[in-house]
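Handing you a structure now.
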Amino acid sequence: MKRIGVVDTTFARVDMARYGIDALQAAGTGFRISRATVPGIKDLPVAVRRQFQEGADLCLAFGMPGKAEYDRVCAHEASTGLIFAGVLESKPVVECFVFEDEAASPKELETLARRRAEEHAVNAFHLLFRPQELARRAATGQRQGFADVGAVRPHR
Amino acid sequence: MKRIGVVDTTFARVDMARYGIDALQAAGTGFRISRATVPGIKDLPVAVRRQFQEGADLCLAFGMPGKAEYDRVCAHEASTGLIFAGVLESKPVVECFVFEDEAASPKELETLARRRAEEHAVNAFHLLFRPQELARRAATGQRQGFADVGAVRPHR
Amino acid sequence: MKRIGVVDTTFARVDMARYGIDALQAAGTGFRISRATVPGIKDLPVAVRRQFQEGADLCLAFGMPGKAEYDRVCAHEASTGLIFAGVLESKPVVECFVFEDEAASPKELETLARRRAEEHAVNAFHLLFRPQELARRAATGQRQGFADVGAVRPHR
Amino acid sequence: MKRIGVVDTTFARVDMARYGIDALQAAGTGFRISRATVPGIKDLPVAVRRQFQEGADLCLAFGMPGKAEYDRVCAHEASTGLIFAGVLESKPVVECFVFEDEAASPKELETLARRRAEEHAVNAFHLLFRPQELARRAATGQRQGFADVGAVRPHR
Amino acid sequence: MKRIGVVDTTFARVDMARYGIDALQAAGTGFRISRATVPGIKDLPVAVRRQFQEGADLCLAFGMPGKAEYDRVCAHEASTGLIFAGVLESKPVVECFVFEDEAASPKELETLARRRAEEHAVNAFHLLFRPQELARRAATGQRQGFADVGAVRPHR
C-alpha cells in the first residue's frame, strides 16, 4: 500500500486538494491519502518533508498565489523549497499552483483550478503506479488546466 | 509541554512579537515560549535553527522590511533561509513579514502589523495543537492582516 | 558498464530524449540507458537524484520551457534544483533546455531541439568516456544547437 | 573565551573590518578575534564556514559591492551563501555590506561604512554576550550606518 | 604538496584556464594542478565538488557567459552552485567569470579575460600559500581585470 501526501493552504480560494483527491481515487487503488493543510504556500515545503518522514511516497502540493508582484516572489520561494524538500528526500513532489490572475473571472478561476488539480493528480498517480503512461506521453506538449499544445512533429 | 520559538528583530518598527505572544496565550495553553531578538531579518534563519536545536517545536519569525528595493532582496534572502531552516529541521516556521510600504501611514502600519502578527500566531497555535482548524479552513481564501477574500464557490 | 540516466518531460513538444539517446548510441558503447519521464521541468531534479541513487553515473535532463515569463521562473527553479542534485551526488547532470521562443516556427524549434539534444548527448558521452575530447575543445566557443562561435585568438 | 571570526575582502574600499574590530574591543572582553581576508564577497561564505570549523562562535562578514547591476547580483549570491553557511553551522553570521552607491561621495562612503561596521560589531557583541540588549531594542526601528527610524507607537 | 583544481568550459572563447595556470606557476611552487573541462558554466559546480573529493584544496572556476539575458540567469545559477559546493566542502572556490559584453571588441575581451584570469590565479595562490598577502590588501579596492580603484582614505 503506497501513501500519498496531499498538502494545501487556507490561503487558496478553490479546494484543489479535494478535486485532486477525487481524481486520485477515480484513477485507481493501492494507496492511502494523508492530508495536511497549512496557512500559505511558504509553509508547504516543511509540510511536504514531514509527510515524507511519516511515510509518504509522493506528495501533491496545492497552492494559489495572489495577484500582487510579491505573491510571485513567495511562489518562487515556495517552489524552490518544494524542490529542495523533494531532492533531499528523493521522492516526487507534484506542485500544483494556480496564480489568481491566470483567470479573468472567479468562474474561470474555479474551472482552471479544478482541471489543473485533477490533471496533476493523475500525473501523481502515474508517477507512482504507471510510469509507462508518462513515458508514452513524453514530449507530447501536455498542459495541466489548459488544452494540451501537442508535439511538434519532425519534418522530413 | 510544547515549545514555541519566537524570533524578531531590532529593525522592525512595531512590536509584532509581543502581539504574537499575546495572541498565542489567548489561544490556549500547553506550550512555553522562548524568545530571541536579532538585528535584522537576514539573522532570522540562524536564530530559528538555534531555537529548534534548543527544543522548539515550531517557530514564529517576525520581520518588517523597509521601503527600498534592496529591502525586498533582503526579505527574499531571509525567506529562502527560513524555508531552508524549516525543511532541514522538519519543523514549521511561520513567517510573519510586514513590508513598511504596505501601509500608507504609521497608524495603518501599526494596525496591519498587529493584526497580521495575531493571525499568524493563531495559525501557529493551530499548526501545533489543532490542525483540524486549518483543515476546516482549507482553500477558504484566508488572509493575515487584511480581510479574508473568501472561497470561490464551485458553479453548477 | 556505465549507466546514463535520461530524464525528460511530457510538457516538451519535441522528443529530445529520443534524439539524445540516438546520439549517445552513435557515439559509442560501454553504457546502458535508464529513461524516466516526468510531467514538467520542476520534476526533473528529483527524477535525476533517483536515477543517481539507482546507479546512474551521469544524467541527461531534457526540458522545453514555454513562452511566458512564468516559464522562465520555472526554468530557473528547475536549473537550480538540477545543480543542487548534481552537487549533492557529485555526479554530472547535463541540462538540455530549449525555450519555446528561441525558435520562430515549429520547424525551427524542431531543428534546434534536435541539434541541441544531440550535441548535449555527445557532451555527456565525452564527460563519461572521453574527457580529453572536452579538454581539447576548452575555450573554443562551443555552442549547442547553434553554430559554434569559436575562440577569440590572442593578439600579439 | 569566545571566538569571533572577522572576514573581509580586498575588493572593499573602506577598512570596515578594522573599524569593526575596534568597536568589538571597545564593547567588552571575553573573546578573541580571528581575521581572514578573501578577494571578494562571493568568497565570504566559505571563509565563514572555515572560521566556524576552526572554532568561531560568531562571524562578522564585511563587504562593499560596487555600483553596477552585476554587483547587486553578486551581493545577492554572497548573502544567500552566508545565510546557508550560518544555518548549516547553526551559528550567527552578522553581514555588514555597504553598497558603493549608497553614498554620494568618498567622504560620505567612508563615514557610512565606518558607522555601519561599528554598529554591526556592537550587534555581534550583543548576540554573543548580551542578548538582553537586543531584546530590549526589539522592534525599535534600529538602523546601522544611518539614523534609527524608531518604533511606531501603538495608538489608542 | 597542495592540489589546485582548475575547471573551465568549452563554451568560453578565451583560454582563461591556460592563463590562470601560467600565472599560478609563475607565482610559486608547492602545488600540483588538476584540470577538467566541462561543457558550460552550469556544469562547473559538480566538476568543482568532484575535484575536491579527489583531493583538491582549492578550485579555480573559469567561465565566460554570453551576451543574452538568459546567459545572466545561467551565470547566477552557476555562481550559486559554486558557492554551495564550496561551503559544503569548506574549501575555497575562486570564480573567474568574464561576461562577453564586458568588452567592446574581441581584442578587448581577450585582454580582459587574460588579465582577470591571471589576477584571480594569484588570488588563489595567496589564499592557499600566503594569506598574509590578502590581509595586507584588505579593503584596498582591488579589481581583477580592470585597474584597481583603491581605498577610500579616512578623513580627519
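A few comments on the model shown:
In order of appearance the chains are A, B, C, D and E, and numbering begins at 1 in each one.
Going forward, a contact is a pair of C-beta atoms (placed from the backbone, for glycine too) under 8 Å apart; a residue touches a chain by one contact, two chains touch by 3 or more.
Values in this document were obtained by computation on a predicted structure and should not be read as measured data.
Of all chains in the assembly, those touching subunit A and also subunit D are B. At the interface between subunit B and subunit D, under half of the residue numbers appear on both sides, which makes the contact a different-residue one. Subunit B maps onto subunit C through a rotation of 145 degrees [Cα fit, steps of 5, range 0 to 180]. If you average the Cα atoms of subunit D and of subunit E, the two centres end up 25 Å apart. Separating the CA-averaged centres of subunit B and subunit E is a span of 40 Å.
Multi-chain contact residues of subunit A (touching two or more other chains) are listed as 80, 84. The assembly's chains link up in one ring whose order, counted from subunit A toward subunit B, is A, B, D, E, C.
For subunit A in complex with subunit C, the residues that touch the partner chain are 72, 76, 79-80, 82-84, 86-87, 90-95, 99, 120, 123, 127, 131, 134-135, 137-144, 149-155. Across the complex, subunit E meets subunit C through its residues 8-18, 35-39, 42-43, 45-47, 49-50, 53, 62, 64, 70, 73-74, 77-78, 80-81, 84-85, 88, 106-107, 109-110, 113-114.
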